[in-house]
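Chain nomenclature is as follows: A, B, C and D, assigned in order of appearance, with residue numbering initiated at 1 for each chain independently.
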Amino acid sequence: MSKIHSLREAIAENVGDGDTVFIGGFGQCIPFAAAHEIVRQRRRRLVLCRSGADIVFDLLVAAGCVEKIIAGYVGNPGLGLAHAFRRAVEAGTVAVEDWTNFAMVLRFHAAVLGVPFLPADILSAGDIPAAVNVRKVVCPYTGRDLSAIPMLAPDVAIIHAQRADAAGNVQLFGLPGDTLEGALASRRIIATVEEIVAPAAIRAAPDRTVLPAFRIAAVSKVRFGAYPSYVDRHYGRDDEAYAEWDSLSRDAAALERWIAAEVIGRADYADYIAAIDKKRLDALVAEAAAVRQ
Amino acid sequence: MSEQTDTVRLVALAAREIRDHEVCFVGIGVPSLAAMAAKRTHAPNAVLIYESGAIDADPPKPPLSTGSPAVVANTAMIGSCLSVFALLQQGRIDRGLLSAAQVDREGNLNSTALHRSGRPDLRLVGSGGAHDIALLAREVLIIMPQDKRRFVERVDYVTSPGTRAPRLSGRQGPTALITSHARFSFDRGELTLDAVADGVSSAEARACLTWRPPEAAPLRTLAPIDRELAAVAETLIHAWGRDIG
Amino acid sequence: MSKIHSLREAIAENVGDGDTVFIGGFGQCIPFAAAHEIVRQRRRRLVLCRSGADIVFDLLVAAGCVEKIIAGYVGNPGLGLAHAFRRAVEAGTVAVEDWTNFAMVLRFHAAVLGVPFLPADILSAGDIPAAVNVRKVVCPYTGRDLSAIPMLAPDVAIIHAQRADAAGNVQLFGLPGDTLEGALASRRIIATVEEIVAPAAIRAAPDRTVLPAFRIAAVSKVRFGAYPSYVDRHYGRDDEAYAEWDSLSRDAAALERWIAAEVIGRADYADYIAAIDKKRLDALVAEAAAVRQ
Amino acid sequence: MSEQTDTVRLVALAAREIRDHEVCFVGIGVPSLAAMAAKRTHAPNAVLIYESGAIDADPPKPPLSTGSPAVVANTAMIGSCLSVFALLQQGRIDRGLLSAAQVDREGNLNSTALHRSGRPDLRLVGSGGAHDIALLAREVLIIMPQDKRRFVERVDYVTSPGTRAPRLSGRQGPTALITSHARFSFDRGELTLDAVADGVSSAEARACLTWRPPEAAPLRTLAPIDRELAAVAETLIHAWGRDIG
């Protein structure tokens, strides 16, 4: 009954060309290893979705995997634009549906609750409502007009967490952001984790389990699988790597060369991580340890 | 006019808008610096909420992302995006702090796209939670650098609706806009020069606008920024270490 | 800025006659101490609400505090009927609105989300929909008919948890049931806790905080405040006490005498707890310790 | 007929309806005993969900309440009521296990009130999650003691709708009813005697009904309950220590 697979198998079996893919992580636990694997397997025509997306979206766009993005925000947080995304949207090679972060969370939440829409008091003014064709619904008790936020159920969710057991029970510590809404909204869930633990460790702390095994399609152990984002208790955020992406991604040709060498040219994420200065990683690990003494 | 830099004044004047015990929904960049400055000075009980899910945060250093380790490090509670947006829609957020690429006379904000003649629009990052905050916070504080390109009569794209949008009762939309040079109100639904910073003329305050806004009469002058607040703002800006805006 | 009050003050200041009161706890953390205090202060005409209610509702009904119950279930779990409730409903002295547990959770969830209703695929058949006058709503995207579950925002929520700091940040371990939905739906929240801890203890484990201080009206430290229900890490459930209630509550006169002596006749919950066989409590404490070695 | 008691047969026959790997939404009492018996014998990978929020539970002893320590003690996950009802409405629950005070020909269940002539209705506990499970689980298994008072042509109050209620696609409503003496189906929307327990005649199986139900032709006889399952059921019933039903 083990759900443990190599990340290569997990992506090969669960992410198809043209799939709508939710990518988890909000600040922490952004599944970069899985994104690299998607690039390596040259998936095409993906529809990416989530609330606020960071440079993991930019990477997938730059690598030519993406046809459309459905999101509330796509950028390099605190630094500015996602340059590959900006170029692709301006060139018309990637379509974008502009929602808001709350709207995206509600779209997933509707799918989690199994209903086709949820009412909300957003998307009632400005240019977003017309751009996404949001419809109205009237409260049958109060007569109040609300926006009907349509459910969104992705084909597959890709998330990263601290740990899971072989059965696929996933435990996430620290900020979940919109990860659990997006995952539970999706038909299939792939989880990468820092460590695989015994079932007894899960059942000794069941209020730490955030996704039950029966909802998980595959679990892959990938140490540093969310680098350069961070994982509470494991490693800090490599802000400098985000700044490096800001520089690198301004030049389309240089970015293409980097992807060829550092993503497609690597056997797997361990190979990519092995090439990073060990002192740099050690410092991030020390930083995480300092937060929770 | 004092020795304080524009960025220090921007952060400090915005911080002064935040009252103690207020529940604030805080975006990254200047809004976060202003909220942190307030919490470290006159508003120690301000409740800072970040859309990543951190509730009652007290970041040890300015976070680069709304979900950064600094946001979480000293927070009282980690919820989810859903739980904090729920608080927002419930009406429990006193003040939303927003910035944007463009603002217009009615307080509409644009963070989605800029028109360019003869070329495709310049694509920006999109709403994030800004649209939601603009409609659902009880009051919205807009914080903008003194930059002529960012003040327009009509924004290219209305990401976050301004004063004219219909809202639930108790949700006022933008009530103030702070620059390094002045405080603007939206008392009649329109950007109105309410007060100038100490040592700033009304012409200087209006220099970021291409139009002549209404002015409060008499036009107030804001109290000078005290040394403590200026020092805190400067420390935060230094730790932020990146462009403001 | 301390929110710490005696339970007497917390109830006196936050629970008024005629209030709609959510009572938290699902299996664990049922706030019996607070209920005893409500009885002792002789609150009247309360409207009690939650999803599945156990004998804490029966006690409040028997003590004459209740005008109406809005719930999905009222009973003595595993043992059968809530006898005082049954007598009161049959006599017409307490009104009852019969929802379902999911419907009640959605009513609170709507209030938490700040919307007047949520769509759902329940209350579409059987005798419940007409009894509670549920209305329909049509999905503007799919044309699908759904039930509109109306929001319910209680005046005050009363909950029990393991710990809080003086500011009012509450941490709950183990099963929350519908406690957090009901609490966050309510205008005011009163929490009783087993222990008050330092703010640093809260901020060292922020992903354990379930209710933020700014939403809390009052916190009261009441050791054994959820007895005879249980509190994970503190004490087990006194199943025998539930069986004793089943016997006792069958006789209205005997029950009235018991309430006069054991609830109204006690100075506070500590006084009530002090009268319980210490060996019995020790066994429950040992039981809880055994679960999480 | 074997030496097994009615309660052992009831629990064991119900347990046999549960397939390995099924996701089951489990109520307290016989439903929980049956699900636990299945998990301890032929269905070790059945996923037991209790409405308190316990997901993939494996209780060390029969719980008295859906939120009892035994439900939580060995569970893989603690969610909330909302999270498990969301799974239910999403269509991710293969089988709901229900009992009630009354059941009728169409599989309607009553757990709300019983009519009494010349007196007010006898008030029962209400739906709990039963109504929700009846409408939203992919299949519903009804478990009832062989008791004539509990089988009626039309229930006094429809708490949990039976076979005639409209449902989302893939939600079948009641598909089987188990007593200590027989298995009934709802193949044509009506309670239909599908198979009798080993050693039970069709007349004995029907004795709990005041009407004559349709019968499958040919009427099957259920395989005898093996010793292991009977022993597990007996252990659980003993540990439960209260009336069944």
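Convention: a contact is a pair of C-beta atoms (placed from the backbone, for glycine too) under 8 Å apart; a residue touches a chain by one contact, two chains touch by 3 or more.
None of these values were measured; they are calculated from a predicted model.
K.L.:
Following contacts chain by chain, what is the lowest number of steps it takes to reach subunit D starting at subunit A?
P.N.:
Minimal hop count between subunit A and subunit D: 1.
K.L.:
Write down the chain pair with more C-beta contact pairs when B-C is set against A-B.
P.N.:
Between A-B and B-C, contacts are more numerous in A-B.
K.L.:
Where the centres are mean C-alpha positions, what is the separation of subunit B from subunit D, in Å?
P.N.:
The separation of the two C-alpha centroids amounts to 58 Å.
K.L.:
With chain centres taken as the means of their Cα atoms, state the distance from subunit B to subunit C in Å.
P.N.:
Roughly 41 Å, centre to centre.
K.L.:
When the C-alpha atoms of subunit A and subunit C are each averaged to a single point, how far apart are the two points in Å?
P.N.:
The answer is 37 Å.
K.L.:
Per the centroid of Cα atoms for each chain, what is the distance between subunit A and subunit B, given in Å?
P.N.:
So the centre of subunit A lies 28 Å away from the centre of subunit B.
K.L.:
Can you list the residues of subunit C that touch 2 or more other chains?
P.N.:
Residues 113-115, 120-121, 174-175, 207.
K.L.:
Specify, in ascending order, the residues of subunit D that touch 2 or more different other chains.
P.N.:
Each of 54, 72, 78, 88-89 in subunit D touches at least two other chains.
K.L.:
Going by the contact rule set out above, which residues of subunit A touch subunit D in the complex?
P.N.:
Touch residues, subunit A against subunit D: 1, 111-115, 167, 169, 184, 199, 202-203, 206-207, 209-215.
K.L.:
Where on subunit C is subunit A touching in the complex?
P.N.:
Interface residues on subunit C, with respect to subunit A: 113-121, 135-137, 139-142, 144, 146, 148, 150, 173-175, 204, 207, 292-293.
K.L.:
Applying the document's contact rule, which stretches of subunit D touch subunit A when the two form their complex?
P.N.:
Residues 23, 45, 47, 54-56, 72, 74-79, 86, 88-92 of subunit D touch subunit A in their complex.
K.L.:
Residues of subunit B touching subunit A in their complex?
P.N.:
The contact residues of subunit B facing subunit A are 28-29, 51-54, 63-69, 71-73, 78, 80-82, 85, 88-89, 108, 112, 119-132, 135-136, 157-161, 164-168, 242.
K.L.:
Note which residues of subunit C are touching subunit D in the complex, please.
P.N.:
Touching subunit D from subunit C are residues 26-28, 51-52, 54, 71-75, 77-82, 85-86, 89-92, 96, 98-103, 105-106, 109, 120-128, 174-178, 180-181, 230, 232, 236-237, 239, 242, 287-288, 291.
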